[in-house]
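I have a structure I would like to understand better, so I am pasting it below and will then ask my questions one at a time.
For clarity, chains are labelled A, B, C and D in written order, and residue numbers in each chain start from 1.
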Amino acid sequence: MSQLDDLLRDLVVANRILSNEGVVDAYGHVSVRHPDNPQRFFMSRSLAPQLVERRDLIEFDQAGEPVIDTRQPYLERFIHAAIYEARPDVTAVVHAHAEDTLPFGIVEGAPLVPVIHSGSFIGGKVPVWDIRKKFGDTNLLVTNMMQGRDLAKCLGNGRVVLMRGHGFASAARSIIEVVRLSVYLPRNARVQMNAMRLGAKVTPLSKGEIAARATGYKPNSPETWRAWQYWAIRAGCRAKLGKPPRAATEADRETR
Amino acid sequence: MSQLDDLLRDLVVANRILSNEGVVDAYGHVSVRHPDNPQRFFMSRSLAPQLVERRDLIEFDQAGEPVIDTRQPYLERFIHAAIYEARPDVTAVVHAHAEDTLPFGIVEGAPLVPVIHSGSFIGGKVPVWDIRKKFGDTNLLVTNMMQGRDLAKCLGNGRVVLMRGHGFASAARSIIEVVRLSVYLPRNARVQMNAMRLGAKVTPLSKGEIAARATGYKPNSPETWRAWQYWAIRAGCRAKLGKPPRAATEADRETR
Amino acid sequence: MSQLDDLLRDLVVANRILSNEGVVDAYGHVSVRHPDNPQRFFMSRSLAPQLVERRDLIEFDQAGEPVIDTRQPYLERFIHAAIYEARPDVTAVVHAHAEDTLPFGIVEGAPLVPVIHSGSFIGGKVPVWDIRKKFGDTNLLVTNMMQGRDLAKCLGNGRVVLMRGHGFASAARSIIEVVRLSVYLPRNARVQMNAMRLGAKVTPLSKGEIAARATGYKPNSPETWRAWQYWAIRAGCRAKLGKPPRAATEADRETR
Amino acid sequence: MSQLDDLLRDLVVANRILSNEGVVDAYGHVSVRHPDNPQRFFMSRSLAPQLVERRDLIEFDQAGEPVIDTRQPYLERFIHAAIYEARPDVTAVVHAHAEDTLPFGIVEGAPLVPVIHSGSFIGGKVPVWDIRKKFGDTNLLVTNMMQGRDLAKCLGNGRVVLMRGHGFASAARSIIEVVRLSVYLPRNARVQMNAMRLGAKVTPLSKGEIAARATGYKPNSPETWRAWQYWAIRAGCRAKLGKPPRAATEADRETR
C-alpha cells in the first residue's frame, strides 16, 4: 500500500478511536493533509465518526470544498481548511464537542492549563475563541473560511483552542498525535476541575516540564504506538492496524 | 408504508434511543401526535422504553385515555395529552427523569440556561414547575388532566420544563427534534454545573445566538439526520431506520 | 413452583440486578426472609452477587448462622439477621457499598434527604450509624449480632441506614422493594450532591409528599413491575422472570 | 504447575483486571517479584495491560533491565525496580495514572486520606512525590534508578505514593493485594472529593481502625478471593483463574 493508502486507513481508525473514547459522538470530525499535495486534505463526508469507512472519505481543496465528490460534507470543514492554511506544520486536525472541555470555554478567569503530564501539549494555557467577538450573533458554527481563519488565528502556534459554548479544535503533526491530544484534553480538564474544587492551590506543569515533554515527543516511539494500538483494538479496528514503527518493536532504550 | 407507519416505526426507535442514551430508564416515555387526527396521539403501553416494540403502541384520545386498547397505559400520559392540547405546534413529547437535569429543578436562584450550542433550544432559561404550588402534597406524578394542564401552562411556548424533584417534559415539532432536545438537555446541564463550580462567571448563549440557531433549524437537514442515524444504530435499530431525507444525501451547501 | 421457589428465584435475580446496576460489586449482599418461618432467611454463600445462582443460596437461622450448609457465608450476615430480628415487617434486606452514598456517611451536618420522588422512601433523612461510637476501633465490618443489633437500632423504623465509612443497609417489605430502594438511594444522593454544589437552597420532598408516596406504594403495581422487569432483563435474567402480577397486565387506572 | 507458573498466570490476570476496572489504560503496569530470586521481577514488555499475555512477560534484574529479552520494556520499569530494592517485604507493584487520584497529587493542603474501609491500606495519608523537587524540569517520567529510588524513599513503608501530575505507585505483599489497593484507591479518592464538597468536616478512618484492618488482613481469605474472582471473571479471565485458597472454600468463621 502506498503512503496515501496507509494514511487514509489510519484516518478511518482515527474516526473510530475518537468515537469510542467519547471525544466525538454524532458530531465532530478528524482530517489529514494530503501527504503529496499540501493544498489538499481528506475527511469523511457528513457522517458520525463511528460509522466512517474508507469509501466515505472525501478529498478537499484549500478552500474547504470537495474536489470532486458530490456527497454532503461536514458544515464545519472550514475549521480544518483554515488551520491547514495557517499552519504548514500541521498535518491532522480534530474538531470535537467533548463535554468536559466545555466548562473552560464558557467562564472568565479560569483557563484550562496542563496539570497532568499527558496534557503537556496544551502549552501554557488553552486559548478560547469566542465567535461572537468578531461575528456577532451566529449559530456558533464555523461555516465559512472567514470564521475558520479567525479561529486559526486564535489557535496561533498552539495545539488546541477552545470554542466558546461549542467545543475545541486540535492540530498536530500526525494523525496519531492529534488523536492523542484529543483524548487527553478532556482528561486534563476533568482533573483540573476536580483539583480546583479541593479548594486548594493547583500546581500546573512548569514551563520547563512542558518544554521537556515537547522536546522528547517522538511520533513513532513505542510509547506512542502503545496507545494507538490499544485505542484501535478497543475500537474494533485490530484488522485495520498498520505495522508498528520499527522503533516500536526493537529494544529502544530511549529516554523520551 | 404510509406516513403513519413511518411515524410509528420512528416512535419505536425514539424509545430505544432515549433509553440507550440514558435519558430514560425503566421510567420515562415518548409520544407522537397522530399525523391525520390532531386529537389523537400514540405512545407505548406501560413498559420500559428499552423494551417497546410496534405492538406495544396505544392510540390515545385528547383526554389521555386509550381509544380502544385495554392494556395498562403509563400513569403520566396526561403530561402528553395536556401538552398536545395546549400546543397545536407540538407533534412529539418526552417525559424523563434524566438525573443531571434534576438539580436545577430543586434549587432556587440557579436556573438552567443554554450554555452550549446544542442546548440553544432551551430558550432563555428553563421554567420549573412545582406541583406543590397548586396541588399541595402529592406523590409528584402527573396523573390527571388538571395537573397536566398546569404543567403545560408552565411550559408555555417553550421546548422544555423542569418538574421539581421529578424530571422534565420536552415538546417539539417532530420525533427527531424531541429526541434531540432530550439527549442534549442533560449535557447542557452537566456543562453548566461544572462551569458554575469553576467559581467564575458563566457565559450563556446570547439571545441573538439562541434566535439564530432557532431560525436555522431544519428538521430534515443532513446535520439533524446524522445524529438520528448515529443514535439509532447505537441503540441497535439499524434495521428500523427509515430512508434519510433527500436533503441529507445530496450535496446541500446550506449555511445552518 | 411453590412460593418459596419463586422467592429464591427472585433472590437470584435481585443479586444480578443489584450488581448490574452498580449498587454492589464484589461486596454487598441481599437476603429474603423465609415465607413460612420468620426465624429463617436466605442469602447466598460468600460470592460476588454477579455470580450467584440458585445452588449458592444458604438458609440461615435467626442468629445469622447457616442451618445446615458448610460453605463460607458472608462475614456480615449479622446485618441481615439483626434487622430481621428487630423488624417483623421486613422481609428483604440489602447491604451495599454503593459509592455515591458514602460521602453522606462521613460528614457532619449534611444529611442525606429525599430530593427526588424516587427517593421518598428515605423518609425525613437517612440516619448514620458509626460503629465506633459503641465498639471503638474495629475493622468496620458487622461481624456479630451485637453490632448488628446496634445497627438495626439506628435503622429504627426506617428503610435505610448509612454506615459511616462503609456503605448502607436497606430494609423493605419485599425483594422488589428493597432492590428498588437500593438502586434509587445512590441516585438521590448524586442529585442532592449536585444540587448542593449549585450554591443555592435545596428543596427536599415535603413531609406530606413523603407520606403521599408511602401511602400510594403498591408492591404489585404495574409501575413497580415495570422497573423490576427492565432491570432483570438488563441483567440478563429474562428467563428467570416470573409472571407479572395480575395487576400489572390488566388495565388498572390506579392513581398510585 | 509450579509456583512460578501460577504467579505468572496471576500476573497476566492482574493486567487484565487493572485494565478492565479502569485503573490503567494504554499506560500503567504491574509486576511481581520472582518467588525464588528476590533480585528479579517479572513484568510485561511495553504493551497496554489489556493486551498482555503470558508470552509478553519479561524477567528483569534489580537494575530494571531485562535479563535476556530484547523486546521493548516499559520506560518506567525503574519504579518497580527501585521499590523492590527498597522494600524486601514487597512482592508486587503497580504504576497507574488512574484519573481520580490525580487531583490529590497536584494540590497543596488537601491530602488523600482513608475515608472508606476499603481505603484503609492508605495508612495515615498518601505521600506525594514531586519529581521536580530533586530533578528539576523533566518529562515527569521515572526513567532511571536514581529517580526510582527517590520515589521509593517517598513511598517509605507505605502502600501507595502519589506522583504529582502523573499518577501513583502502589506496593504490596502479593499480586492480589496490589490489585486490590489499586482498584480501591481511586474509589476512596472519589468519595473523599465528594465529601469535601459537601462543605462539612470529613471523618476519616481513625488510627485504630486503620490498624485493626491492617492486622486483620488475610491474603488468602474468602473475602479477598471473592473480589479477585469477581474482577477476573469480569475481565474475561475465568479460564485463567487458579484454584481458590483452601480457606476460601471451607467454612471459615474468621472475624476479619
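In this text, a residue touches a chain if its C-beta (ideal position, glycine included) is under 8 Å from a C-beta of that chain, and two chains touch if they have at least 3 such contacts.
Only a predicted model underlies this, so the values are computations on that prediction, with no experimental measurement involved.
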In contact with chain B and chain C alike are the chains none
Field rot_deg for pair chain A/chain D, CA superposition, rounded to the nearest 5 degrees, holds 90
Farthest chain from chain B by C-alpha centroid distance is chain D
Residue numbers at the chain A-chain B contact, same meaning over half shared and different meaning under half, come out as different
Chain centres from averaged Cα atoms put chain C and chain D apart, in whole Å, by 32
Chain B to chain D, mean C-alpha position gap in Å, rounds to 46
By the touch definition above, chain A meets two or more other chains at residues 197
Contact graph of the chains (line, ring, star, complete, other): ring
Every touching pair of chains is listed here as A-B, A-D, B-C, C-D
Chain B partner, complex, touching residues on chain A are 25-27, 46-48, 50-51, 66, 70-73, 75, 97, 99-100, 102-104, 106-110, 130, 132, 136-141, 143-144, 164-166, 193, 196-197
Within the complex, chain C is touched by chain D residues 115-118, 120, 187, 190-191, 194-195, 197-209, 211-213, 216, 222-223, 226-227, 229-231, 233-234, 248-252, 254-256
